[in-house]
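To start, the structure under review is shown below, and the notes come after it.
When the chains are written out, they are named A, B, C and D in that same order, and each has its own residue count from 1.
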Amino acid sequence: MKRTFSILIAAYSIFCGVANAARTDIVVGMQLEPPNLDPTAAAAAAIDEVVYANVFEGLTRFASDGSVIPALAKSWEISEDGLAYTFTLQSGVMFHDGSVFDANDVKFSLDRARADDSTNAQKQLFAGITDVVVVDPATVTLTLEKPNGALLFNLAWGDAIVLSPDSFDKAKTAPVGTGPFIFSKWVQGDRIELSRNTAYWGEPAKLDKATFKFISEPTAAFAALMAGDVDAFPVFPAPENLAQFDADPRFTVVVGSTEGETILSTNNKQPPFDNKLVRQALAHAIDRKAIVDGAMFGFGTPIGTHFAPHHPAYVDLTANSSYDPEKSRALLKEAGFTEGFSTTLKLPPPSYARRGGEIIAAQLRAVGIDAEISNLEWAQWLEQVFRGKDFGLTIVSHTEPMDIGIYAKPDYYFQYDNTGFQALITDLEAEADPARRTEMMQQAQQMISDDYVNGYLFQLAKTGVANADIVGLWENSPTQANDLTAVHWK
Amino acid sequence: MLRYILKRLVSLAMTLLVASIIVFLVIEVLPGDPASYMLGLNAQPETVMALREELGLNASKPVRYFTWISGLVTGDFGISYTYRTPVAEMIADRAVISLPLAVYALVLSTLIAFPAGIIAATRRGSAADVSIMGFSQLGVAIPNFWFAMILVTVFAINLRWFSAGGFPGWETGFFNGLKALTLPAIALALPQASILARVMRSSLLDTLGEDFVRSARAKGLSVRQTLWRHALRNALIPVLTIIGLQFSFLLAGAIIIENVFFLPGLGRLIFQGISQRDLIVVESVVMLLVFAVVVVTFLVDVAYAVADPRLRSR
Amino acid sequence: MLRHRNLVIGAVLALAFLLAAVVSLFWTPFDVAEIDIANKLKKPGDSIYLFGTDHFGRDILSMIMVGARTSIAVALVAVGIGMLFGVPLGLAAASRHGGVLDELIMRTNDLVFAFPALLIAVMITAVFGPSAINAIIAIGIFNIPVFARLTRGAALSVWQRDFILAARVAGKTATRISLEHILPNLLNLLIVQGTIQFSLGILAEAGLSYVGLGAQPPTPSWGRMLAESQTMISFAPHLALFPGFAIVLTVLGLNLFGDGLRDYFDPRIRRGSR
Amino acid sequence: MTLLHVQDLALSINGTPILRDIDFSLTAGQVLGIIGESGSGKSLTAFSIMRLLPPGSLVSGRIALDGDDLGARTETQMCELRGNDIAMIFQEPMTALNPVQTIGDQVAETVRIHRQVSRAQARQIAAATLERVELPNDQFPLSRYPHELSGGQRQRVVIAMAIALRPRLLIADEPTTALDVTTQAQILLLLKKLVAQDGMSLILISHDLAVVAHTADTIVIMRQGRVVEAGDTQRVLAEMQHPYTRQLFDASGHVPVRSAMSTGREVLLKVQGVSRDYPTPRKTLLGKPGFFRALERVSFELYRGEKLGLVGESGCGKSTLTRAILGLEACQEGSISIGGDQIAAGQLMPRAVRRKMQVVFQDPYGSFNPRHKVGRLVAEPFYILDQQPRGTARRAAVSAALESVGLTADDASKYIHEFSGGQRQRIAIARALITRPELIVLDEAVSALDVSIRAQILDLLSELSADHELSYLFISHDLTVVRAVTDRILVMKDGVIVEQGTTEAVFQKPQHPYTRELIAAVPVLEPAS
């Protein structure tokens, strides 16, 4: 054994990873395999990570910095009352099967997503839309029941991409889109292959071939990168290995931001958490630094509210729930829990939850709260926690962009019911003026922070590893996507 | 002989039937719902219902059991909930990895175990015997997933002789495929070989103690001749059973190894299926594995009868 | 003499871990529940941590000790379940040899054997959620047919002996004979098989908790320690080595002990002629 | 001239001496008998000649075949010798053949390893040899497997393997011990014939003086690894210089002193038209299972105080009858009544009736639970009583029983493995006596014992019958013994009682041909003139 590992050390020094230059293909590693490839039919982030902006496009899209930019819609006009959006579409766009893209496809897609029997995972995005009118092949108008400042943003989601009525039913297994890459092959359980769309309407992709390889085990992922089986792992699952990659000249480690607010969700309706004092005690019992260091090996930005730090409207409220066990115990005493109490801590699979959970359980134990850990699969988590609301505490990262609105849903799994906040969000949705919006958002952040709705831990970092010779990969992930359009080798 | 086979076939069918019911029931009570899993956090209830309807999850249990089982019999395994592709195809894709892996591992373990066992038995008490038995003890004691971890670290990450895992597909050439399966096969084979070697040894020792071996010697056969002509064939009979058991074990027991080497095999398929609540896939694969086990056991019994004339008259 | 060496080495190894487990009930070098990020990933030997610390700064040695407790407890109870149900079933089957009961029991055994063990374990835990208890049940279930089959086989051969006839002439019932005459003659066999199953149980527990289906945190378990260390094996091998060796040595010890016992119980006299 | 010459042969295994200064020689074409009780080292002498000894054996002395010193030969050279010049056959025909090879192949193998002949030729020789051992090819084709043959037939195959190459010396180690009397006679006849035909020499090893006395020209008597007496058969039997020889001789033909033949006519056991069927496996998958009739309307009576013998060869239904009488299995037809209580067909025997009988089994090793102490073993039958004696009463009874069979009270606290075969059989008898039964069934009770031990047990039995006024049902395949101890006998064949009558009458003028055959087959040992 000992010898084995001296071999190991020796082997490190003799690493010489010079990949041959000017390659025109790439193998991108992903931890989860998409269940299918239709972003309009399932929530799995893995779907968007493969097809968003590569195979499928919508009217608008997210840029790498998170801003919303035109995609299939060249431009748009908004009526004064903010109830009508008229989109002018790109011309000369063709689906991969050669059929021509026009306004009817847009109408078809949006109507399909809004329909009663729709199986769109983000149906609420289209909630306000009353009608979709085809003005002419290159023009389409959306009418809303009330003004919605977030419409363009909503349309940028993967769930809003445009499908053709002739090929939408193939989307799950052999997607046909308008993007710069054409789906070519799916070896289930192993990989998906894309090839360049030579007839792309916009700036064509630089790579001929892109392969997404699915590696669920972090160790395997590490091994695969080290062995050169994979060129890039945009979301590398094991932060503990990043130091090694950083030290290794063959790789660059890209640490960016995500939309994932990682929080200690608290069941606000379940005693004792219906008591604000208890929630506040909870907040002060948590040492964010320990969690970020212990669970994420230092990657991740502490947050004090449910909002992305890189967002202009973000306010740093971490001080509001600073680590202070003494205060926490005092609060518990005040709330009448001198002996502390015990509760459940239900953890989904990701390592941020599993590791963070162990650390938090230990920290809570220190102030007298005994949190019994149970590790769940996603399916069980959805059943028990998300749907059944049968939990005291849980840890989960909310990766949807700009999702502070969930706090306005009293029946959302953490069951925060504050009419004041709900009103604020309603206004926010209606408000179009950027300055006012920012103000309202900050107000909202303050509100949930002061109510200690949940324990706010940290913003999930996007820890990517890639071969040093690759350029053009997204640094941040405003949405879950691996846009390969601009990617190429040095 | 024929009667015997027929009898075994009948009980085989019974086992499968009961097994299918158990599998169905167990899997049906799994908490969690494929539809809501697929639609995620922001899905609205009516959306979930719509999907359940689409997937045919709203039918009553008996109905679903019979559609499933009748499908199995006719070779139609149904459509995967999450992948929306025919389960049969998925299984086929995975089987072309799991099956060769199992066979590969079995071949390896046999190649190691037979000579080892024979040497140990014939040189009973010698240094060779002691060390072989010692190693086999070790082999049995090492958890194969741990062994796998070490294999990866040494041969894939450091020496870079093998790729760390994954499967390029047979279409990239037989040897690429074989190479990708080598480390996993070794990890699987080690404990199996150890067990097999031990069985081989003890079984051979028993046979060598039999009277007919003595009569063979009295005929003028040398020790070696006696071993090859008389002892071995008799000793193999119990060894057969173990090999049979091991094959079915390797087919299903590879689950963990497949994860370590991220091989898209049946084991991974089951884990995925369970975590995604792709019940129909899980049901079918489990059934398939049970089927494999039962059939192998049956074949072993038949092989018995072939190897041992005393059973033929049954 | 080889056989006695096995017995001794095995006993020593097994006892060592048993001892560690027992001691851990009262004392461990450090508190395994306490997380100390500042001291994470210490290498063996540096500072006060003999085996080093894990990614949460917990003392590996302490975790190994408590882990031993987990493994041994799970395996032991599982074997207990197997014997508790398996042996009576086997005895019953043998006493009604060829009868309906016999047939029923054996068929059920075949049925259980037909299921890949790990799968059932995975499903059981998927249904009831992962926990040490469910791991025990999962492993226990598969011990039942093992013991049932073994007991039946051995019991049948004892039933052939003349002293059973004598007992029957004395008008004793099958049940009574099974308990008075059959069982005592199976004890050695059962003890030996027991130790073997025990070691298998430890391997199984390790496997289950490796895939996250065993004892839940913060309770340390060898399998999970391996799983958690996996991503760090390249820069902190000790995380994977110590639990790994713990498993290997325990299992090795039990197997050697089992074999030793077997040889000890039956010195193979019936060799060569006659 | 002498073919084999053994000079002060000595053997030790792992240091413990087994054989010491063994000397004998064998003239070509003659038969040498080696006689001895178990543990006398007669088999190991044979194995020393073959040099097929267990590991750890150390041989000294000289073994010469035709003047050529076998000791000088290498293992390979010995291999050339075995099966070619010296061949050997063994006691246990059931296990002496490879179960997965046809008899043809196994006989042919002898030829093929020693002669450069084609497979076909080898098979021809094999066929011929099987004919010579009286296994005609039309009935026993080469393609038969051992399990398809009876014990006697298998022994013939073993012989065929041995003589295929017409060796100069054949060693037969207890070749007939495991066989029935009639078969034994045939096999012995065959061996004699072969010796005559091929001018082959034969070493016949046996525990049975009678068997050897009839066949051997010269005999060697062994005891505890030494030769006690050797020489021309007639002379040795006439002079009996060594006391052990005489002891052996007496024991073989031993007739225990008998209480006068009981005259009471009170029927103790009455068996009436008892039949017993066993189902045989179905021929077709769903066809009716067939039946094998093990007992065919068996009827007889046993009078109080009588010693009744039941003789017959293996498979004749003896043990089935025993089980029926003991009430272990109900019979399908007829009835059994003991001391007046009748048990009809299909009925289970009530404890009250069982109580009146006890049994002693053949195997002194298998008939005791090795995990119990003798005291508990002997007391086991008490279970059948309504109120079993407890505490001191129980212990007293056990001691009494043990003493009555010539053991001591404190043997009760020992385990069974501490006793010899003879002692165990005594314990078995003690166990049978302890409930003071009216009838004792002796199922081959002395068959597994050496002659001298057997003699003692027989004496014990007759003493006991005198003291406790017991009735015996004495079941055995050994006519000599039955003749020695019983008043009346029943002769059984294929589940039918073919003849019954007073022992003397039956032996003097047997009526049924089978009885004659049986009696003729018994090798009798009349003092040499």
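Just so we're on the same page, a residue touches a chain if its C-beta (ideal position, glycine included) is under 8 Å from a C-beta of that chain, and two chains touch if they have at least 3 such contacts.
This is a predicted model, so every value here is computed, not measured.
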Report summary line: Interface with most residue-pair contacts lies between A-B
Query raised in the report: When the C-alpha atoms of chain A and chain C are each averaged to a single point, how far apart are the two points in Å?
Result: 44
Query raised in the report: Where the centres are mean C-alpha positions, what is the separation of chain A from chain D, in Å?
Result: 87
Query raised in the report: How many Å are there between the centre of chain C and the centre of chain D, using C-alpha atoms for each centre?
Result: 47
Query - Whole-Å gap separating chain B and chain D, where each centre is the average of the chain's CA atoms - result: 50
Report task. Would you give the residues of chain C that are in contact with at least 2 other chains, written as numbers and ranges? Result -> 126, 230, 233-234, 237, 271-273
Query raised in the report: What parts of chain A, by residue number, touch at least two of the other chains?
Result: 1, 8, 217, 219, 222, 226, 377, 380
**Report entry** Junction residues of chain B - those touching two or more other chains
**Finding:** 30-31, 149-150, 153, 157, 214, 259, 274
Query - All touching chain pairs, where touch follows the definition stated at the start - result: A-B, A-C, B-C, B-D, C-D
Report task. Can you check the complex and tell me which residues of chain C touch chain A? Result -> 33-35, 37, 40, 55-57, 126, 129-131, 212, 216-218, 230-235, 237, 241, 245
Query raised in the report: Tell me, which parts of chain B touch chain A in their complex?
Result: 30-34, 36-44, 46-47, 50-51, 54, 82-85, 90, 93-94, 149-150, 152-154, 156-160, 163-167, 169, 259-262, 264-265, 268-269, 272, 274-277
Query raised in the report: Inside the complex, what are the residues of chain A that reach chain C?
Result: 1, 5, 8, 217-219, 222, 226, 238, 240-241, 243-244, 290, 293-294, 354-355, 357-359, 361-363, 365, 373-377, 380
Query - Contacting residues of chain C [partner chain D, same complex] - result: 161-163, 165-172, 180-181, 184-185, 271-274
Report summary line: Per the touch rule, the chain D residues reaching chain B in their complex are 50, 52, 75-76, 79-84, 87-88, 90, 92, 95-101, 109-110, 113-114, 145, 147-148, 158, 161-162, 281-282, 284-285
